[in-house]
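Okay, structure first, notes after.
Read from first to last, the chains carry the letters A, B, C and D; within each, the first residue is number 1.
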Amino acid sequence: MANLTGLLFAGGLGFMLLSIASGLDFGAPPMLVGSEIQAQAPQQTGAVNIVTSVVLGYRAIDTLGELSILFAAAVSAGLVLGRRHTTAGTQSRGGFILQCGGSLLFPLMMTIGFYIIFHGHLTPGGGFQGGVILAAAFFLPLLARPGAKLHHQSLSLIEGFAGASFILIGLLAMLEGKAFLQPMLIQDTLGQLISAGTLPLLYLAVGLKVGAELASLLSRLIQTEAPQ
Amino acid sequence: MTSAVTPELILYITAIGLITIGLAGVVMSSHLFRMVLALVIAEAGANLMLVLAGYRWDAVAPILTSLAEPAAMVDPVPQALVLTAIVIGVGIQALAVSILIRIHQRYATLDRREAAERMDAEIAATLGVPRDISQEEPLGERPLPPLPADRANMRGDSP
Amino acid sequence: MSTNLVLTIALPLLGAFLLPVLMRSSVAIALWSGPAILIYGCWILAELWLSGFTQPVSIAIGGFAPPLGINLYVDSLALLFAFAVQLLGLIFWPFTLDRESARRQSLMLLLVAASSGLALSGDLFNLYVFYELAAVATFGLASASGSSAAYVATLRYLILSGIGSVLTLFGIALIYSQTGTLNLAHLAQLAPQQLNNGLGLAAFLTILIGIGVKAELFPVNTWVPEIYATASTRLSAFLAGLLSKLALLIILRLLLLIFHQPEAAQVILILGILGVISGELAAWRAKEMKRMLAFSSIGQLGMIFIAMSLPDGKGMVAVIALALHHLVVKSGLFMLAEDWGGAIQRLRGSAKASPLGAALFVLFSLSLVGMPPLPGFWAKFVLITELAGQVEPLYLLGLAVFLLATVVEASYLFRVAAILYGNPAEETLGEEIPKSQGLALLSASLFGAGLVATALLIAPVGESLQAIAAQALDIDLYIGTVSPVISGGSQ
Amino acid sequence: MILTLLDELLLFSGATLLVALFIGRGLAAGWMVTILYAGQLLVLLKMAVLGYEGGSIASSLSLEVMGQAMSWRFDALSWFFALITIGSALLSSWFSCGAWERSYIRQGGNIWLFHTAMALNVFTMLILLASGDLLSLFIGWELVSWAGFLLMALAGGVATKAAMRYITYALAGGMAVFGGLALIHTASGSLQLDAVVSAVEQMGSGKLWLLVILFGGGFGVKMGLMPFHLWQAPAYAETPGPGSAFLGAISSRMGLFAILLVLVKLFGIVNIDSLKVPFTLIDARDLLAWIAVFTIILPTFTAMKQNDARHLLAWHGIGQGGYMLLGIVVADAMGGAGGLLHVFNHATYQAALFMAVTAVIYRTGTSDLNKLGGLVVRMPLSFMVLLIGIIGLAGLPPMNGFVSKWLVYRSLLNQGMPLLFLAAVIGTLGTILSVYKLIHNIFLGQLRVEHEHVNEAPWSMMIPMLLLSAIIFITGLMPGIPLEWVASALRTVGLPVPDYTLGGVESASGSLDMIWVIGVLFAGFGIGAVVFYSAGRSKRVHQLDNYAGGHFLSADVRYQYSDNFYAGLMHLIGGWYRGSFLWLERGITSLVEFLSLGMQGLYRRANAEFYLLTTALFVIAWVVI
């Protein structure tokens, strides 16, 4: 009965929301802010990828907040799971192909990850996407050899310093008399790898942080799987 | 609603449909892990809704390809927003899963009702109060205390 | 000067990131870095306040002028709450030292940063981000007590909060689709033309329900008794005292700046009335302190929602007064509950063991009930005079419910007071009577002292409250300060 | 800044509170506090011009909070009530010093808290009496309520329960007043008295009805008006002896003061008279009068049933409040004067009665009417005090209660209200019957073995009692003394003033001169005494020097029973109203409990997501549709 009510209510709500959303002018958004940003972003941030200039420039503090959320989730997960480390050594190791494949893929994925991070201001992608690939690179060997342990110490070091450097870059701008997180070192060669001032640095920080965060989260989950 | 189903309607139906499925899933499932999954679905719907907000017909991704004559580009802001929203969602899901693992270890069940029951019992036990809420006397004396029978006469039980 | 305000968000975040690393090298530095950051934050804000802060300022982050970039909007109200965030963060700082203290303190710093962001931010989506950050930090801290019940409670809270976020996000998407901007000031400019319709209202209501989860809005507040009963008292105090108010502040800003529809106010009014009824009545039967406080907090927030629903910002002074009052009183009460958790009956005779604690309890209760010279009375007085001035019968219903709820409230609070001052029952004579002591009692005394000081200085406090309210109500001032201008290039 | 007399009074009272607070633990503290009360009385007497000539004295303290101005001032009405307050506090405090204090401490009482609570009560009452606008009135009102709670609760145990019950009632009343205040503020834009008066002029009858109900009900709770009277008797009776004397004398009268100020002075009896109860012939004023009459009758007959002297007196306190309200509601010269004069008179004899009972408790350790008797031979002075007190309470000459009740009866007859008159007389009948039970069961009849060696109460207790007795008699002999104050107070609230003389009142429909009445009465006593003693037939014997049914009596035989007094009468009237108000009270409690259970269930069995979904559905549906 409750289930049926729930279903009906959810359906009703969906219908209502739809009827509201259908009042929107799809495909022709007002783009008040959007088009302004499109017009100014190249000059103000030097990034060709306008999404990047939004993520790291115009809405950089959102990104900082989001990094913090990821960090908070990782710390919380550590708090929840970290009390009793169950050794995962009892689990069977992956097969030969999986292990070899994992080891083989590791450098490749690292490369791709960093590539995506460094080209974040030029092409689709960036710190988040690259960071996820980095995390996957670390995670893959873990899947292949469940007994292997990630080095949590260094992961948390990367976590901490990458996050801190994001903020420190922002504070550096303040020291120079600019606003917090204001992009610096604006140059004029749009579209080059070395361009867009501090944005690639920020993206590097983001990428490292996301990678470390996800890797540590995943490894925690895998390591505590065995029930006592 | 008599007009043909337009593409935008399909997109909106997808987004809102995902939200609806998620909501219904959260309400209806009796398993905590399924609730988390339903939440993930609902989040996906909301994210889709967000990204739809910036869509333009006949426009390209917001990346400058040639400086000379910028083509019409879709709104970059929702894309940035959705990037943020997705990562937020991932964080929350990861945390949810780690808590789920713990609950499963402690209670050996992920049934929503059972877990709630046991939580209730545990809270009551920790706080040292009786648990049942229906048959107990209220806490302490009532603000308007009933008169004990032996003293009723003395303290005046009429008007 | 005012640009330093960013530091109240940035420094706690920096501290949070570095704390686990620092803890590894030097425990002492790590232990003190958190409080040091918070003290510095307090100092920044206090200095700004004392250096003659009168006009609100807008701080563009990243140097991008709003509405392109995100801005912090700082008026007296925001400043007040930002200060409260740092101060309460300091008071409720998890000082305990164990293996997990780095994580706990790190989360606390994140919570403080998020709360500061909630108080200051002037961008809708940015508010959402900080809201989520606060939520995740809360989940972590709530589950940190490590009991199984805490895990279940946290998960239930997480799922509820997650759905709330989905709805909020949906509302934000609606607003962005309609207007193309997220800046509050810009939205305030555009709202009369673009959001004064069913769509705007629907967007507001979805956001209201989403953010209402944290603001303890009826009926999305069922997590409250569970979390407050399982989480550490300090966290509960922070959540009940501060975070709920910050969520409320967001709703208030949205309501004032953007959504002027009477229907929006009406929904808030109805939910507020229901919140008062359900919270106060449920508290009447609670058998132990923390849950009693949790339910009472639901009721109190319902009262604030009632005040918020008054048209044309008439309830503004009442909202601020009630919110600040509840902030102080509930925090103090939770601090007392730290040592007085568990069944209330167990506390029989505690007044002898800890007279100061019992006296503080009575003081807080009196103020909560609205005993005249105490600040609680003035907050309630402002509210009911405004309520009585409304012609709509629903508001008068709200008034009646408010008054009756106060009677119920007094009844259960003073039942506890009577137990505190009663003589220990025969059967429990051998047991140790819980004592209120140490840091918790000190913090509670701090709140008590604040309450008494406010009671003595009520006239100037009232004036400044009115000034704050007037400033917060001034939409033109808000828009003018942020001055969101689209220079050109629109399609 | 120059201190006005009112400032001095309030400061003095505050100082008393501080002294009690800080050195209240010392044994001399009681005397110190008593002296300070005397000081307060002196300051009050310096303001006596108010009581004789009217006018007002403002306090130099005034506040403005959130746009609300507050001021404090004293006028004749405040002065009259303040006189009773401080007077009863002085005598009660005096009574408590020395012997009683020592025994109280021996029994584990907290004397510091007692003195503090008393001083706090006096201080808050003075603040209430001094209120110069409705906001300060409400502040004073709440302060008095909570101060009263402190005094009532300090005995612990049963007293705490009674006090809890009191505070729930009092807060409900307070909230009614609070609501009324908000409505008035809306109508007049301010809470200043003159603004309120002009706002009332323009108010529709519906709104005025609401206000009368809110204020009448709210203030009525404190007075113990039906049906809000249940809390009062246990709360007052369980307070430590001198405290109950003080509370019984003045505490409930604060409600009357507030009713006088708001309903009579601000709203005006004429306006209240114009409010018709729909579908009936009566109006709001009749309604008040009938409430007053029922408040006289029912509690009085309840008092008759009590077996504890303190409870018996406390129930009477409720009933006597009805006379005061009745007189004021009649609102002619005689009625108003009678009602107000009764406040003074009641305070004097009620304090005396409570003190006498406390003296008996002090000596015998009990106030159970079934365990006492024959104490007249051991405590003759206390007996005298009690006798004088009950004569006053019953409203018989030559004591002061007669004068005020006579005035009320007279006004009822003058105004052509025979039914009310009849009802009031029934109340007096009940009073006489029950006070006879009081004095008989304590002082008359057989002395109990265990009380064979009881002594008269110590002088520290006796002197205040005798003083009060003297006041009861003197103001009975010369009611003109208090009538002069009453007249000024009546003028302040805008009621007509009777033509008073030293011995009573002059009026066309019938005058009263107590000096003559008492002269004749005593002449009659004199003749009786002459006859009695000149006949010389009497012989003084020990009470056991007697025999009944052919047996000589011995001390261990109970030959005289006092329990189940008035059994026949009780049987006759008991069934009519037994417990009906108690049921009401319990019903409300159960309702709250039931609702509370439901609400807890709502949160406990929470399907939070479902709530969220439902709410979202409904609010969105509301928008869409």
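By our rule, a residue touches a chain if its C-beta (ideal position, glycine included) is under 8 Å from a C-beta of that chain, and two chains touch if they have at least 3 such contacts.
Predicted model only: the values in this text are computed from it and were never measured.
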{"item": "Innermost chain, where centres are averages of C-alpha coordinates", "value": "C"}
{"item": "Between A-B and B-D, the pair joined by more C-beta contacts", "value": "A-B"}
{"item": "Geometric centre distance via CA averages, subunit D-subunit B, whole Å", "value": "58"}
{"item": "Centre distance in Å when subunit A and subunit B are each reduced to the mean of their C-alpha atoms", "value": "23"}
{"item": "Rounded Å distance between subunit A and subunit D, as computed from the means of their C-alpha atoms", "value": "75"}
{"item": "Distance from subunit C to subunit B - Cα centre to Cα centre, in angstrom", "value": "20"}
{"item": "Residues within subunit C bordering two or more other chains", "value": "125, 129, 132, 136, 139-140, 143, 151, 156, 159, 163, 167, 170, 174, 177, 180, 182, 198, 202, 284-286, 411, 414-415, 418"}
{"item": "For subunit B, residues contacting two or more additional chains", "value": "19, 23, 26-27, 35, 49, 52-54, 75, 77, 81, 84, 88, 91-92, 95, 99, 102, 133, 138, 141, 143"}
{"item": "Per-residue multi-chain contacts in subunit D, two or more chains", "value": "164, 167-168, 593, 596-597, 600, 604, 607, 609-610, 613-614, 616, 620, 623-624"}
{"item": "In the complex with subunit A, residue positions of subunit B that touch it", "value": "8-9, 11-13, 15-17, 19-21, 23-24, 27-28, 49, 52-57, 61-64, 67, 70, 73, 75-77, 79-81, 83-84, 87-88, 90-92, 94-95, 97-99, 101-102, 104-105, 108"}
{"item": "Parts of subunit D lying in touch with subunit B, wherever the complex brings them together", "value": "161, 164-165, 167-168, 226-227, 229-230, 233-234, 298-299, 301-303, 305-308, 311, 315, 574, 577-582, 585-586, 588-589, 593, 596-597, 600-601, 604, 607, 609-610, 613"}
{"item": "Sites on subunit A touched by subunit D in the complex", "value": "2, 5-6, 9-10, 12-13, 16-17, 19-20"}
{"item": "Contacting residues of subunit B [partner subunit D, same complex]", "value": "23, 26-27, 35, 120, 133-134, 138, 141-147, 153-159"}
{"item": "Contacting residues of subunit A [partner subunit B, same complex]", "value": "3, 6-7, 9-11, 13-14, 17-18, 21-22, 24, 26-29, 31, 33-35, 37-38, 41-42, 48-51, 53-55, 58-59, 62-63, 65-66, 69-70, 72-74, 76-77, 80-81, 122-124, 128, 190-191, 210, 214, 217, 220-221, 224-225, 227-228"}
